[in-house]
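Listed after this line are the structures, all set down as C-alpha cells.
In what follows, subunit A forms one complex with subunit B and a second complex with subunit C.
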Partner chain A sequence: MSAHVEVRDVNVRYGDFQAVTGASFAIERGTTLALVGESGSGKSSLAFAIGRLLPPGGEIASGTVRIGDVEVSSLAGEELRRARGRVVGYLAQDSMAALNPVLTAGLQIAEVYAARDGVSRSQAKRHAVEMLAQVGIQRPEKVAGMYAHELSGGMRQRVMIAMALALRPQLLIADEPTTALDVTVQAEILALARELQREHDVTFLWITHDMGVVAEIADAVAVMYGGRIVERGPAGAVFSDPVHPYTQALLATMVGAQEAAPKTPFAAIGGSPPTGAPPPGCPFHPRCAHAFAPCNGDMPATVSLGADHTAACHLLGVPA
Partner chain B sequence: MARYLSLRIVLGLISIIGVVLLTFMLQFLLPGDPAKRIAGPRAEPEVLATVRANMHLDDPVTTQLAAYVGSVARGDLGISYIRRRPVVDLIGERLPTTAWLAAVGLLVELTLGVGLGLWDGLRRERSRGLAAVNVLLLSVPTYSLGFLLLLVFAFKLDWLPPGGGTGPLDLVLPGLTLGLFGVPYYAAVVAESTRAALAASFTRTAVAKGLPRRLIIRRHVLRTCISPVITLIGLDMALYISGVVFVETVFAYPGIGSLQEQAFTEFDRPVLMGTVIIGAVVVIAFNLLADVVRALVDPRAQVQDAG
Partner chain C sequence: MSEAIVAVEGLSKRYGSVRAVDDVSFAIAPGQTVGVVGESGCGKSTTARLIMGLERPSGGTLRFRGEPYGSSARALRPVRRAIGMIFQDPYESLDPRFSVRELIAEPLRAHGRWRDGGETRVGELLEAVGLGSVSLRAAPTEFSGGQRQRLGIARALALDPAVVIADEPTSALDVSVQAQILNLLLELQRERGIGLLMISHDLHVVRRMSDTIVVMYAGAVMEQGPASEITARPRHPYTRALLDAIPGTSPSARRLVGRPRTASGIASAASTGCPFATRCPRVDDRCRSERPPLTGVPHAVACHYPESA
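Entry: the complex of A and B
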C-alpha cells in the first residue's frame, strides 16, 4: 500500500545553485512528518517545492511529489491553481507578514470560499466565521472584522490555520508556524494542530529547527543538512536512537537533553552550515566530530536501519 | 482619529499664521513704493502723502502687521492696487478655473503615472521603455515641455487652441503639461509598491489559497499601493501648485496662477500676498485631506496616529 504523501528524489535548483538533492520521504494520512534542519539546510526550499510555491528562479529540477492521487510536481497553470488549498495548503511562519495588512481576517478566509467554491459572499462570510470558531477563536464574528495588526500573534496564527484548512487540504505544510510565538502560545497552537489532526485527519509536513516542537508534534522525522535528508525515521526511533552525528548534535541542543545528562553543558554545533555549494562528500563533515577519511570524498549512501529508519553516514560502514 | 484630526487642524492653522507673517514681511523686500503704484509715478508729493496716510503706510510696522493679520483673519485680503477690486473677489472668480486645470493635470498625472507604474510593476523585469520615458520627462524642463506642446499641437498642427480661453479644449495642453511633469514620480512609486506587494509574504499566502491571479492583483496587490499614492499627492501638492502658476503663465490661462504672475510683474502687493496665502492654505488643506483619506483606506494608518 502506498503512502498518502510520497516525495521521491526531489532536486530543487535556483539557477546553478542546488538547494535540495535527492530528497525522498513518505507521510501516512493523518500523521505529521517533521522536516528538521538549520537555516540554509534546504528545508524551506523542499517545503516550497512540495507546496509548489518556489519563488521565481526556483524549480523542481527532477523528482516527483504525489499527494493523495495527485502528482503535484507535474501540475501547471489552472490545474495547479485548483490544487492549491485543496490538495496542498501552506501555513507561513510570520503570520504578521503572511496576512494582508489592509484586509480583514474574515475577508481573507471568506475569499477562499467565494473564489474557490463559488458560494455567495454572505455564505462565504458565514463559513469564515465557522472556521474561526473551529480553530478556537472566541467571538469569531468580531475577529472576522479585525485586521492583522489588531490581533495577537497566537490569534493571527489561528486565523492562518483557519485559512489554510478552509478547503480541507490533503497535506498542510506548516512552515515553522510557532517560531515567532512565545512558549505558552506555541504550546496552544501545537495542541490545536494535534486536535485538528485528530478530528479532521489532517496530514502535516511540519518544518522546524526546534527539536522541542518535533517531540511535541511529530510522528516521523526527516533531518536535513546541506540540502540532503541525512536521517529519517519514526520520531521514537530517531529520538531514542539517533544515528547521524548531526541528528545527535541537534538532539543535544534540546532543553530535555539537560535532564538526561545534567552535568554536560548545552551543546553548540561548532561551525556554521554551508551557505553556497555544500563541500564535497558528506556535507556535514567540516563540522562533524566523528569525521574520518572517506567523509570528504563521497556522499555516503542512505542505509536502512529497519522500521523505516534510514541514515546517510560513513560511520555506518557501508561504502558508497 | 478625532484627536489626531484636531491636532492636525491646529498645526495647519499655525502654519497658515506663519505664512501670513512671512508674506507680510515679504512685501518690504519688494521694490517700488505702493503709494506711487496707486497715485502714479508723477504724482505730487502732497498727493503721495495723502495716499500714504490713507494706506497707513506711515504707521509703525507693528500697527500695520496687527491691522493686516486682523483683516486676513476676517477674510479680507485687501484691494488690488491695479484692479481696484477686493483681492478676495479676484481670487474667488478665478478659483474654479484653476481648480479645473489642477484637476485635469492630476487626472493626467494619476492615470498615466499609476498606469505606467502598474504596467512596469507587474512585469518580472523593470521595463527599459518606462525608464526611458522617465528620464525623458524628468530631464525635459516643464517650460520647454509646455512650449513644445504649444508649438506642435497649437501652431503646427492647429488641433488645439493656443490658450487664453477657459473651454474644455483650452484645458488639454495646460493639463497635459502640468500632469506629465509628475508622471515619473507616480510611476516609480506605484511600480515599487507593486513589486514589493508581489514579493510580499501575504501574496504568497494568496497564491497558496489558489485565488485567481486577477483577484490577487486587484485585491491583494493594488490595495496596498493606494496608500503611498495618496501620500505622494499630499507631498507633491506644494510643487504641484508652483506648476499651476507656471503652466497658467505659459498658456495664458486665466486662473489664480496667472493672476499671481501678473501681480508680481505689476508690483500689486495685496494680490500677490493674497495668492500666496491661498496657495499655502490649499497645500496645508490637501496634506490634511491626504492623511484623512489614507487613514480611511489603510487600517494601519489609524494605529500609527494613536501612538
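Entry: the complex of A and C
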C-alpha cells in the first residue's frame, strides 16, 4: 500500500545554489512527520517545494511530490491554483504578517470558502464561525468580528489554523507555527493540533527546530542538515536509538533531558551550521565528533536500519 | 553574603493605567545569577530597561552598591559603565557599518577608556569570547548568528562590568549554537565574578543558570526564591502552569497530550485582586477582590491558596 504523501528524490535549486539534495520520505494519512533542522538546513526550501510555494527563482529541479492521488510537483496554472488550500495547506509562523490587518478574522476565513466553493456569503460566514469554534475559540461570533491586532498571538494562530483547515487539505504544512508563542500558548496549540488530527484525519508536515515540539507532536521524524535528510524514522526509534551523530547531538543538547547540577556547562555542539553552500562530503563533518577519513570526501549513502529508519553516515559502513 | 551590586526595591513602572512593572524587588550579588521568567508582556524586559535607566521608574528605589541612583545622565553614567547588556537579536543589535574593531572600541571610547591600551583591550575581549582569530576589519554581517552574539558579549564586557543583563540571549540563535553561548556566559561569570540578570522564557535554561528565580506575571512577582526550590516545589499556580507547559523530552514522555482545546481566554490581567485570577484554575471570590501579598523567606509566593511547601 502506498503512503498518503510521498516525496521522492527532490532537489531544490535557486539558480546555481542547491538548497535541497535528494530528499525522500513518506507520510501516512492522519499522522505527523516532523521536519527538523536549523538555519541553512533546507527544511523551509523543502517545505515550500512540497507546498509549491517556492519564491521566484526557486524550482524543484528534479524529483516528485505526490499528495493523495495528486502529483503536486507537476501541477501548473489553474490546476495549481485550485490545489492550494485543498490538496495542500500552509500554516505560517508569523500570524501577524500572514493575516490581513483590515479584514476581520471571520471575513478572512469566509473568503476562503466564498472564493473556492461558490457558496453564498451568509453560508461562508456561518462556516467561518463554525471553524473558529472547532479550533477552540470561545465566543466565536465575537472573535469573528475582530481584527488581527485585537487578538493575542495564540488567538491569531488559531484563526490561521481555521483558515488553513477550511478546505480540508490533504496535507497541512505547519511552518514553525508555535516558535513565536509563549510556552503556555504553544502547549495549547500543540494539544489542539493533535486533537484536530484525531477528529479530521489531518496529515501534518510539521517544521521545527525544537526537539521538544518534535517529541510532543511527531509520529515520524526527518532530520535535515546542509540540504540533506541525514536521518529519518519513527519518532520513537529516532529518539531512543538515534544513529546519525547530528541527531544524537541535537537530542543531547535538549536542556530538559540533561541530568546536570546548577551552573554546570550545557552539552554543546561546536561550530555553526553552514551558511551558503555546504562543505563537500557529509555536510556535518566539520562539526562531527566522529569524523574520519571518508567524511570530507564523499556524501555517505542513505542506509536502511529497518522499520522505516534510515540514516546517511559513513560510520554505518564501518564494520563493528 | 556579599553585598549586592545592583538592587531594586519596590520598583514600579506605569504607562497610564497599565502596571508594566509592579512592586518588584531583588538583588544581584557578585557571581550570582537572578533569572527572571514569565510570558511576553510580563514586564521582564521593562525591568531591565528601568535598571539601565533607559526608562524612568514610576516608583521604588534602584541601588548601585548600596547607594540609590536617579535618572539623570550624571547619576546613570557610573551605573551604565558597571552594567553590560546582551540583547536578544545579534542581527539587529550590532551596527552593520562598523568593523569588529570599531564595535568593541565604541564603548571604550564613549567612557574615555580608549587611549589607555584600548587596542590591546579589543584583542583581549575577542580572545575572551572565543573570537581570537577573526579579522578586526571584518563586518558583523560576515559572521554567523553565534559569532555575532559573541561580539555582542565582547561589547558588553568592554568596560569590565560588575553586572551583565542578558535579555533572551539565545532565543534568536540556532539550537546547536545556544549551548555554546550559555557556556560562555557561565565561564565568564565564574572567571570574573560577574553578577548576571538572565531574562528568559525558557525555564530549563533559567533553572540551570540561576541562583534565584523571579516569576513575573502582568508586571508583578508571583513567586521568587532559590532556583531549585522554585522549579522543584513551585507554590504559585502560575509557576505550575509555566512548568506544565514545557514539552516532554521524548515521544514516550509526552507532557502536553490531553490538554483542553479551548484557548485560555483573552488574557487580560484582573485590575483588582490577583492579576492571575482570570486564568487561575483555583480562583475564588477572594482572589478576584483582594490582592495577595508576596510573602515568605527565602521562598516567597503571592497567592491566597499556594501549593503546600
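Quick note on the criterion: the second predicted complex is superposed on the first by the 309 of 320 C-alpha atoms of A that agree within 3 Å, B and C clash if a C-alpha of one lies under 4 Å from a C-alpha of the other, contacts with A are read in each partner's own complex, and residues count from 1 in each chain.
Basically, a residue touches a chain if its C-beta (ideal position, glycine included) is under 8 Å from a C-beta of that chain, and two chains touch if they have at least 3 such contacts.
Just so we're clear, the structure is a prediction, and the values are computed from it rather than from any experiment.
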> A:Val183 contacts which: subunit B (first), subunit C (second), both, neither?
Replying inline: second
> Which of the two partners, first being subunit B and second being subunit C, lies in contact with A:Ala97: first, second, both, or neither?
Replying inline: first
> Where does A:Gly51 make contact in the superposed view: on subunit B (first), on subunit C (second), on both, or on neither?
Replying inline: first
> For subunit A, which side has the bigger count of touched residues, subunit B or subunit C?
Replying inline: C
> With the two structures laid over each other on chain A, which partner does A:Ala115 touch: subunit B (first), subunit C (second), both, or neither?
Replying inline: first
> After lining up the shared chain so the two structures overlap, which partner does A:Val213 touch, if you call subunit B first and subunit C second: first, second, both or neither?
Replying inline: second
> For A:Ala249, is the partner it touches subunit B (first), subunit C (second), both, or none of the two (neither)?
Replying inline: second
>> For the complex, give me every residue of subunit A touching subunit B.
In response: 51, 53, 56, 81-86, 89-90, 92, 94, 97-103, 108, 111-112, 115-116, 147, 149-150, 160, 163-164, 166-167
>> Touching residues of subunit A toward subunit C in the complex: what are they?
In response: 38-39, 135-138, 152-155, 158, 182-188, 190-192, 194-195, 209-213, 215-216, 218, 235-236, 239-240, 249-250, 253-258, 260, 262-270, 272-273, 275, 287
>> If we count contacts the way the header does, which residues on subunit C are in touch with subunit A in the complex?
In response: 33, 39-40, 144-147, 174-180, 182-183, 186-187, 190, 201-205, 207-211, 227-228, 241-242, 244-267
>> Which stretch or stretches of subunit B touch subunit A in the complex?
In response: 124, 200-202, 204-212, 215, 219-220, 223-224, 227, 297-300, 303
